[in-house]
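I am attaching a structure below and will ask some questions about it afterwards.
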Amino acid sequence: MSEDVSGTKIPVGPQHPSLKEPANFTLTVDGEVITGADLKLSYNHRGIEQAALSKTYLENIYLLERICGICSHAHTSSFVTGVEDLLDLDVPRRANYIRTLIGELERIHSHMLWLGVAGHEIGFDTLWQYAWRDREIVLDLLEEITGNRIHYSINTIGGVRQDLTDEQRETVLAKMDELEERIDFYLETVPNEETVRMRCEDVGTVSTELAREYCAAGPVGRASGLPVDVRRDAPYAAYDEMDFDVITDTAGDLLARTTVRIREVAESISIIRQAAKGIPDGDLKATPQPMQALLAQIPEGDVVSRYEAPRGELIHYLRSDGTDTPERIHIRVPTLANWPTVVEALRGSYIADTPIVVAGIDPCISCTSRIGVETDGTHAGENSFNLDELREYGIEWYDDRADGGSATGEPGTDRGDRP
Amino acid sequence: MSLPGKLVPEALKTLGKDRATVSYPKNKRTLPERFRGAVEFDPDPCTGCGMCERHCAADAITVTSGPDGTVSWEYDVARCMFCGQCEESCPTDAIVMGQEFELADSDRESFEERYTFER
Amino acid sequence: MDLATGILYLLVFPGFAFLFTYALAAEYLDRKLYARVQNRVGPPPLQPLADFLKLLAKESAVPENATARIYKAAPLTGLAGVLTAMLYIPVWSETAAMSFEGDLVVVLFLLSLPSFSLFFGGWYSGNVFSQVGTTRTITQLFGYEIPFFLAAFAPAVAAGTLELSSIVAFVGSNPLHMLVFAPAFVIGLLSLQAKLERIPFDAPEAESELATGALAEYSGRKLALFRLTKDVELVVGAALLSALFLGGPYPVGSIEGVAGAALGIAVFLAKTIAIVAVLSILRGVLARLRIEQVLNVFYRWLVPIGLLQIGIVLAVGLYAEGLL
């Protein structure tokens, strides 16, 4: 991903006006053209995977929800689906419909926020204000249904915590009509505005082959022609009963990513209408047993659950040891899968395009920051660490550094997220 | 057709629209019913079971029972993350998520609430 | 002209006091219009004055790496340039406060002083980001100056003189020429927008890439002067465009006396406010272009149109003399 290229090195971040969250890009430039990029991404590491090990599964729902403000429902749904799988619970259809509804509202929220941020990065502040004003429609709706605008906390083990009243259903349908008008407006003006085209067309292009090789996820992959969508490939919640299209584009540049996201909002509106109109009657929870009873029943085992977050495919791995706290949780977020495409997209672009190319994958560095260590197989001949070995390795590394040894290695080698 | 100035009709229309911002704190929005604000506690129905403490993900609630049968329920709103799990776990509806969200203060002690009652 | 009138012109009207007030009012109008286009509230009327006073009260630190003399002198040169330029632009009648043959060229030169003061101030700030910003400022200057001069010379060619007051008098007596100058007016608007470094031409000041570019190291009094320079440049540029392409005080230019002056000022304010409004809306509906795209727009489109405009003016002149 980052080879030894010669040229001036310009550091961007971790404090920089164009970045919403701290990350560090070291760009190698030749004049105004970028020839290579080096990424450091773990500035927002909060030790969530470790903190989750000392909390019960119920408390973990709220902890994992706060990994990210915009994909909060994605994280809880994915986690809770995993636990329900371990417990072999059958989530009632009504609860699944509500999960789908909130998930799609979250997707709209995320894409509209992104549209505003992208507008701001190219200097189009008016688009930013319009997109965020129209996003308020969705946020007010979410507040009415779940009680909060950002961390909805609607999932619980076995189902959902709040019901969708008939009045709220009517409001949802009315607001979707309002939102659809606005999305038609964006679809018509944004890709056809000449200055937006000048900044976004043929900028940060990622070809289909490259996207497939780097396993690009979400709208980034779909804009390069890969029809990957977990809602279609491995349906969860109520998606097997919904009728929707997977939006793809062939160009793979920033304009394609913008158009894909706006069209996905239109698809989400359609799914929300189907969910609101077709929601069946039923229970909200799989079992009337109280939480303590459920927590005591979780068997040993491990489970992988996937979810289509607004940014792409989200994978949760959960290992249980029979107690009411998990033994291991690991989360692979879609933004992590998309960073290699950023390095490719930056190569050949101008410095002035860095903010918009980085913003093009909708990066969520809070989501991304998990520890990733690459090994060369020299430790015990294995190609992976387990937790104890990793701990030992870390202690050794810090002792080495404290003793004055050079622990940073040569620049330019692939080091993952190591500090 | 790609032209510059595609946004001009909408921009001119917006000049006539009402502003989208609310002049807080002069005007405040009415919050929906389900809004999760600071926790409100009623000591009467409370049995001191401690389920709220057990399920609180932020360790904001502490329930202790004294030797003479008194129960003490403590809540720290600075730790609370307003998830509402305590409201759901309480078997007697002693805890309700209120509507108060203007909770800023400069005095650390004012964030802690404590109720002591007989059971 | 006696000393009293001279001082009146310099310090009160149309000099410092008038420009100071009008510049702050124009900034208010610009920001309010920009905010309303975005469905926001916008600042209250005294906000630009409050910002100016606030900056005056702050510490104006000189960075260690900066070349102190140039760094400190830069803000004043730009302001001095635009304030002086106003004296030669007609405001209340067809004659300006001062005029001489060739003063159009002097005004155009004085109007480009702010860009140079920005360049010197930014370059000698000792900050890498400022230097990149100033490089872009000068690159952009190469872009818009030529079309701006071509557009400004079109009325001069038509009137056969380089004296601003004579040009305005000529247009006043041949008002249909204003239609002929329409392309030049458009070029003038876009060039003024680029000169002021506003969206879509604010690559040198790209907030999301460079954090204010050339002005990154300025604070306090010096920053207040730079911002005031920009506002005054907006007003003086609008006044110049109004004088060249909109006929100045037309249609009340021929009315004499105090009534004529009052009406002239009213027409002047109306026309310049209209130009400021157009520039604000332009700011709101377009995205920011990259620096090479800015040069592309100016050289590929506006220079040919400017040359064409001069051709049209010459053709109309020959036709008017019966030779075509």
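Just so it is clear, A, B and C label the chains in written order, and each chain counts residues from 1 on its own.
Everything that follows uses one rule, which is that a residue touches a chain if its C-beta (ideal position, glycine included) is under 8 Å from a C-beta of that chain, and two chains touch if they have at least 3 such contacts.
Remember, it's a predicted structure, so these values are computed and weren't measured experimentally.
Of all chains displayed, A has the C-alpha centre closest to the centre of the whole protein C-alpha set.
For chain C, the chain with the farthest CA centroid is B. Across the two interfaces under comparison, A-C and B-C, the one joined by more C-beta contacts turns out to be A-C. Mean C-alpha positions place chain A and chain B at a centre distance of 27 Å. A straight line joining the Cα centres of chain A and chain C is 47 Å long. For the pair chain B and chain C, the distance between mean C-alpha positions equals 53 Å. Among all residues of chain A, those that touch two or more other chains are 126-127, 130, 133, 193, 195. Looking at chain C, one finds that residues 37-40, 284-286 touch two or more other chains. Counting only residues that touch two or more partner chains, chain B has 4-7, 11, 20.
Considering their complex, residues 16-18, 119-127, 129-130, 133, 193, 195-196, 198-199, 350-355 of chain A touch chain C.
Within the complex, the chain C residues that touch chain A are 37-40, 199-200, 202-203, 206-211, 284-293. Across the complex, chain B meets chain A through its residues 1-7, 10-11, 20, 31-32, 34-36, 51, 54-58, 81-85, 88-89, 97.
Chain C meets chain B in the complex at residues 33, 36-41, 281, 284-286. Residues of chain A touching chain B in their complex: 55-56, 58-63, 65-66, 126-127, 130, 133, 136, 143-148, 151, 153, 156, 161-162, 185, 189, 191-195, 197, 291-292.
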